[in-house]
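Look for subunit A in each of the two complexes below; its partner is subunit B in the first and subunit C in the second.
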Partner chain A sequence: MSHDHHHAPVASRYDLAPERSDIGLIRPDRFTGWRDWLTTVDHKKIGVLYGAFAMFFFLVGGVEALGIRTQLSRPDNDFITARMYNQLFTMHGTTMIFLGVMPLSAAFFNFLVPLQIGARDVAFPRLNAFSLWTFVFGAFVLNASWLFEFAHLSGWLKSFGWYNALVYTDFAPANGWFSYAPLSGTFGQADAALRAPRFTGVGTDFWIIGIQILGIASLAASFNFICTILNMRAKGMTMMRLPVFTWMTLVTSFLIILAFPAITVALIQLMFDRQFGANFFNPSAGGQPVLWQHLFWIFGHPEVYILVLPAMGIVSEVLPTFSGKSLFGYPIIVFSGAVIGFLGFAVWSHHMFTTGLGPVPTAAFSLLTMAIAVPTGVKIFNWLGTIWGGRVRFTPPMVLSLGFIWMFMCGGFSGIMHSSAPADSQQQDSYFVIAHFHYVLLGGVLLGLMSGLYFWFPKIFGRMPKASVAYWASGLVILGFNLAFGPMHYLGLAGQPRRTHTYHAGFGWETWNYVATIGAFILGIGVFIAFANLVWTAFRGEKCSSDPWDGRTLEWSLPSPVPEYNFARSPVIACRDAFFAHKHGAHRLVYEQDGGEAGVHMPSQSWMPLLASCGFLLAGLGMPMSAMGVPHAGWVVIAGLGVLFLGIWLWALEGPGGYMLKTPVAPAPAPAEAAASR
Partner chain B sequence: MMSRFIARVGLLVLPVIALLTAGCSEADLKVRQSTFDAKGPVARMQYDIFMDSVYLVTVLFAIVGGLLVYAVIRFRARPGDENKPAIVEDGHGNPVTEILLIVASIGALVFLAIPTLKGIWYQDDVPEDRVPAGRLSVWYPRVEGGVENYAEAVKDQVLEIDVVGKQWWFRFEYPQFGLTNDGRRSVPNELVIPKGVPVRINLRSEDVIHSFWIPKVAGKVDLMPGRRNRMWIQADETGHYYGQCAEFCGDSHAYMLFRCEVLEPADFARWVRAQKQDAPEPPAGSKAAEGKALFAAKTCAMCHNVSGHFGAGAFGPDLTHVASRKSLAGAWLDNRNPEAQRAAEAAAGGNTEASAPVDRAVQKANLIRWIGSSGVLHAEAAEPTRDVKPGNRMHYYKMFNVAGLNETKTKLTPSELDALAEYLLTLK
Partner chain C sequence: MSHSAAHAHEAPTSTGIDHKKLIMWLFLASDCMFFGTLISTHLLYRKLYPTGFTDAEGHQQFVQKLFDIELTSFSTFILLMSSFLMALAVSAMHKGGQLKSFRRNVLGVIVFGLIFLGCQVYEFTHFYHQGLTVQNSVFGSTFYVLTGTHGTHVAIGVLWLVLLYFYSFTGKLGGHVGALDVEVAGLYWHFVDIVWIIIFTAVYLVEYLGPDGIWGNGLPPVPGVTR
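Presenting the complex of A and B:
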């Protein structure tokens, strides 16, 4: 029955004879073009797809942000309606966090982790494809709400009976990315159909199911990376020799598997409140709205570190490379990353200082929040120590990483300011907070991720982005960013609350809001140039060597673009920064005697992860449509769950498959060659 | 390449920094909702802690930022470096430095932690040392108000005000004086407190979460449905303060403002007495009398209370004294003449708590705009205007599905709208 390993090794997967899986279908191993991309299980291609979707959604979230800023550019503006404004800030936050930063981090995880640990793929390649497509369909479900909203605004829905029976006509979510109950939930008593009155329309249902699906994608990916990092390291790649980016991937993955269950539970409760008349958060039936906040923020605060730790990992790779010096205090950087992850679960209520927790919990969370500044500070000190005594080469990734440290430090400082609960009671929900977390998440995380893009792009595509364009884009991003968010510190302290559609003249907020809007547009242009530069480079950019930066970690020892089997022969590691040591003579890289004519085992491609994910698409669209009252939409949900189970069932039955691929076994470049190739 | 880049960025950044510093003036720190301009002990304590944190991070910024800039310049790659051997080392760092830095960071945070802990307990409850001055019998001039103003049983208590949040307005109740919604005597959107005494605020919500924030008087505390939160405030100067809901609460969150009038204690007593007056009867045959009839006919009275005229409404804002207030529609519309207000603020030396009196013409225009544009209540002939408060509940019958109540019955003609406004203007 089993077809495993019965092939003779082939030089290319296109040489394979058509092979049937255990359920009798031809395996899609020989596909090229779009069918190859849809069925791929190659971590590098999946990484590229994650990156492409993430950059697309970054631009979507950016356009939403510019809508917000345009509305706020002058007082009493009515560029967009209040409801549209609320929808924009809800979707801006949700998009940037779940569809922008997280998948872009996932793109790096996917592409880099196997390369950095000397592995040929992740532990579960098909699960990896399932994570990708589940993320894509979750993102689509979330944004499908916009399609309904536009159809509603254009009047296209008027001919439908179910539309005219609707009490609420907001289709895109307008509940904020935090979705506080009971605004997102119900009030009063449920009717005979188990529906209680609500404060918001079906947009919230789109949001609930969309986030739920995205959570499944993140959880599956995280288990995959944990298994990969713990089990698939090359010989000699001990935990304390792991590249810091891989370490941060591991910590982030643990944060995801510990944090997402809380939001999963909360979303199920909220969905039950809305769809089936449950009363978890309904105060008029004895529910507790504050319960939502606890569940949300015990997810939501670790989520902040889920966003920032990968960027810290990137910076911890970029700084040593361009300082020509190993990372200062490697053990303590790793350890402080883990401490940040751990403490991240102990500070959630600092988002709730104004909810009336009482003095003891407020004090406890105040002090813990201050405590988390210590490991964060340690990281900054160690990055400084890395630069100290080095030979700093300025390149686009280095400039962006230095920008990361600077902006993140500023964001950290305003974070210290509102770790103090009494001071925070003036800052909470004001523009000061917006300034703070944009310095951390945009000035910090986005610059870190952009640094990573410019750093690894030559490895991913074998082409080098044009440095002059990169500098201009980075300059515009840094300038526009500070112009947009710097003044918001003042605006917040001058009493402007966030999430407000407009404001009156005479409150002293006019000038700086105008300046912030100009900054936002400069920032938008900068990000657009950077992304356009990268996309252009991917197709047309100048080809470059496999190790253009004098890299330190294993991925730079591979050709660019990286072949699908990654390592022709598995490396054996003797120290940290193994490739750098290899090039500069401390420890030569040694390889195992695998691969070659005997071939390496490659996993088979499969349609099943995509099929299973399609089930989420159907169920995800059906759920809010049934809440709208669209006839038979409930059956779509059931059909979607059916497709999901069918996909997983066939996936289980088709057998793992796989084939043997011959690898060229030329030895790794000798130190002299490596130096010459720069 | 790099130096040119730095020069270009410098050329872009320097004017921005110049603009930022040139744009700052003392007036910027005294704007209406400024947290820099604390006018009460709670806000002052919060501001002081904020400034502690500013001092702390300024020092840290100077040290860390300075070292970063120094390191990047001092250790930049120089021509000829490529011929030197690579720096190969283990990257263990320097444990002594690391430990010293950690200890120093903790020390720096203790500097902020101590005032923070003090502040948390200070703002949590009315402090004991302030209570004697806050007791009703101590400061409230009984002779003027008479016993009717507060019960003997509460004479040793601190003044308490219940704040109730609703989509999208605030209701203020003074139970010690019998000014409650159940007694049809509540005060919407304009909180009035006496100067210089601590006031306990009880916070409740009847629908979603709101947040009570008067930046110059105290930081915010949320109004959580199903919970009773509390805070205390005290304003040390009389004047007209500005507040706002600070928790996202739905469509019109941006339009959920409120005001806080701080009066001398004697004026406050007079104000309490005035609140207990019923609305005067409009002269028979007048436009206002016509408006009064419409108030019932167009179902306004189902939700709005006007003491002495209509007593059924408990849902919407109490309108008994609507014409006495300086704002309308959850403080979104200002009933003062903008020119007069600017002049008043200028005359008080830029003090934004100075206030011009209500301008009746502005007030009437506001009433017409507000009622005329609300929900489906818009007047037939009126120009289609953007809702003053999108999603406001003046069409709430749609949700309650009251039989026989529909758009036709609640629609107003321009002359009806005018009559209604005239009636409301008599409710001082």
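Presenting the complex of A and C:
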């Protein structure tokens, strides 16, 4: 490999001379503005983009939820049609899980992991950009179904010839977020065009290809993060000195790479059923719909831990910081996270107790489900042990993390109730289940992620969110959340079934549904205020110091915002919470003699990841459109695969490039005032 | 400062394993689960419906009669030998970038891979004419999707090696990075080969365990043979 394209170190990438890649194109290293964001390979910028898109989709999913709650606020309501209701709850679940929580977790992975392990970037910076844009386009494909649905509702689609041939009318997905076969699949025999009749409309095809693309994005990101965490740790950063957030990122990434293949295959099989008349889940040809349930939940249950482990990692960073103590039982917390990861693969059938698995599997999955509560409980006790005897500072992130423990425990208790198969068969498909997983995913995960946002926002943007607004938002979120989902425990046990468009008066459900709707709106206002507060802070907030919380991990040793090379010189780690020990303890942080005069090696920016991801956009839009019968849409799929190949090929040929950046010669200054004041 | 120390992608890693090799191992771990799911689907349905499938004329067809085990054994052997050549190609790159030897061996891998794919195309066409389609049975769906997915993996591998072959003429394939790039492609190729050994066993060979195959596929009784 030739290195002649490396110039002398420059003070900034805008000083670089125009530089050609191995395929003769000018490398987009000197861009500013939107072209810089489109071609960036900086993990911090990619993290910010992940976060921005995730927060946007959180609001979209929230509006969908408010549509559902408005419809259910009183009996026999006709605020929205049953058809729209099905689409709303399907897209609400799918959006919140795949476009809200997972990318917001990915935002933290991206921004924090290299900083916490003392690295300058991820192992594969361009692959990281590819993951981001593939996620963005997958999200777009999924939500493009709404555009078709609205075009259909407005009557605009009627002007197209192919529209009349359509007998399927759901343009947005309407099967629920787990898209159970046979509802999502086919029945009867395939016709001459190799298509079997389908129960649901092309919305399901949007869902299939959208989730498939999002899965590719998650897989690529996870390969990258495992590689980064295992391979790019600073000198002395042994595995048992890793910050717990980084540990949980590692466990989550392993869960993703081992769990997503099951859904990938299930989606391929369902796609073959719908597009080519295969019989994987077609009951009239001997296909077993219950196989879909197994494949989905072999993915779906680890997915639950994929959602919650990053939030647990965040809480494990926030609690010690604001208790002024190190994390109680660090090795046990790490070990419990790993055990949750392993056991997470062994409990999937507790979602299927009512399918008639037989007594032995039912008992086994019951026991394993009870067992997985143990490492979770261990973590909770360790968090309580961390706070115990500490000098607790009730900052906004701390309030939200304490909320996490409280709400997550409530969700955990109803989870243990589900592990008992006889009890579960009563609660199955009722509002009790809705209450349970919203306590885990909203009271747990969302509060954890909001805590992380308030905790690291000063590091990301160098600006401090207004605390008074943050307290109000946190209070509204916790209050609204409990008002919305607390009553659902009662409603579920009183018999209100999940996923019904409306209900008659007289079952005793009216009051609590009304309360739940009020709670949902309070919650929505709280989340909106929190996000608005954060966005405002990013642009206009009050500037703050680089270490406003007296942080413990390496990211707080850097200036805010963090310079693009992260560490002017690589740190050498002597203990856990090295930066805290540097400020208050025996171990001083020392730095390697890299960087300095010769500069730091920076990866070049590139258009190719974006180009390759565009292939997924074309293929993803073409596939459901060909299912609609839009002429030539099949060619769009092939063109998309061609663009994908072209992007990857040019990506390989252009060479990694890179340039040397001059950094301040002195090591990053220790916050002398913090050290002196204690 | 020397170049090797100045470049993040060539700096020593915490585990001592190159990034590219580690990420390929991670991808292969993920791909294990991928093929595991496909093979499980096939075996589950095979156990559930041991008697094969019904063709377009409504005749019962038996899997053991459908398979051409000699042809599949041949293509399996060819794929195994391609792995041998791949190992030689990797070795040539590790011995200081012997490009001629690399090209000769990798061309062999490409040709053998194409022979395997040719056999699969022939097999698919043959089975189709025997009456097995993706649409007419669960067996057809699981068989074509499983072996077709494996064939896609082989085709991607062939494409990758073709690109590496031509890239070797640009003079840029060499040194530690060049050897690593070839080795990573080799890891992928060996993995696809190993998966085929499992598919060959679990999908083909077990149909020949005992007179009825492991699933007891209910061939018509033969006079004088006790089953």
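What we mean here is this: the second predicted complex is superposed on the first by the 664 of 678 C-alpha atoms of A that agree within 3 Å, B and C clash if a C-alpha of one lies under 4 Å from a C-alpha of the other, contacts with A are read in each partner's own complex, and residues count from 1 in each chain.
The criterion applied here is as follows: a residue touches a chain if its C-beta (ideal position, glycine included) is under 8 Å from a C-beta of that chain, and two chains touch if they have at least 3 such contacts.
The structure presented is a predicted model; accordingly, all values stated were derived computationally and were not measured.
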{"item": "When subunit B and subunit C are modelled together on subunit A, clash or fit", "value": "fit"}
{"item": "Contacts of A:G277 with subunit B and subunit C, given as first, second, both or neither", "value": "second"}
{"item": "Subunit B versus subunit C as contact partner of A:A421, first or second or both or neither", "value": "first"}
{"item": "Chain touching more of subunit A, residue-wise (subunit B, subunit C)", "value": "B"}
{"item": "Which of subunit B and subunit C A:W162 touches, first, second, both or neither", "value": "neither"}
{"item": "Partner chain in contact with A:V265 - subunit B first, subunit C second, else both or neither", "value": "second"}
{"item": "Which superposed partner A:Q288 touches (first subunit B, second subunit C, both, neither)", "value": "both"}
{"item": "Partner chain(s) touched by A:L219 [first = subunit B, second = subunit C, both, neither]", "value": "second"}
{"item": "Which of subunit B and subunit C A:S366 touches, first, second, both or neither", "value": "first"}
{"item": "Inter-centroid angle subunit B-subunit A-subunit C after superposition on A [Cα, multiple of 10°]", "value": "90"}
{"item": "Contacts of A:S326 with subunit B and subunit C, given as first, second, both or neither", "value": "first"}
{"item": "Per-pair minimum CA distance [subunit C against subunit B, superposed on A] in Å", "value": "12"}
{"item": "Intersection of the subunit A residues that touch subunit B with those that touch subunit C", "value": "286-288"}
{"item": "Touching residues on subunit B, where the partner in the complex is subunit A", "value": "1-2, 5, 8-9, 12-13, 16, 19-20, 23, 27-29, 31-36, 43, 45-47, 49-50, 52-54, 56-57, 60-61, 64-65, 67-68, 71-72, 75-78, 81, 84-94, 97-98, 101-102, 105-106, 109, 112-113, 115-117, 119-124, 167, 203, 207-209, 211, 213, 215, 218-222, 224-227, 229-230, 242, 244-255, 332, 334, 338, 341, 386, 390-391, 398-399"}
{"item": "Residues of subunit A defined as touching subunit B within the complex", "value": "78, 81-83, 85-86, 167, 174, 176, 180, 182-183, 187, 197, 199-200, 283-284, 286-290, 320, 323-332, 354-356, 358-359, 362-363, 366-367, 370-371, 373-374, 377-378, 380-382, 384-385, 387-394, 399, 402, 405-406, 409-410, 413-414, 416-417, 419-430, 467, 471, 475, 478-479, 482-483, 486-487, 490, 493-504, 506-509, 511-512, 515, 575-577, 580-581, 583-586"}
{"item": "In the complex with subunit C, residue positions of subunit A that touch it", "value": "1-3, 22, 120-121, 123-124, 189-190, 194, 196, 219, 222-224, 226-227, 230-233, 237, 257-262, 264-266, 268-269, 272-273, 276-280, 285-288, 291, 295, 298, 594, 598-599, 601, 603, 649, 652-653, 656, 658, 660"}
{"item": "Contact footprint of subunit A on subunit C as seen in their complex", "value": "1, 3, 5-9, 13-15, 17, 19, 22-23, 26-27, 29-31, 33-34, 36-38, 41, 44-45, 48-49, 134-138, 140-142, 145, 149, 163, 167, 172, 174-175, 177-178"}
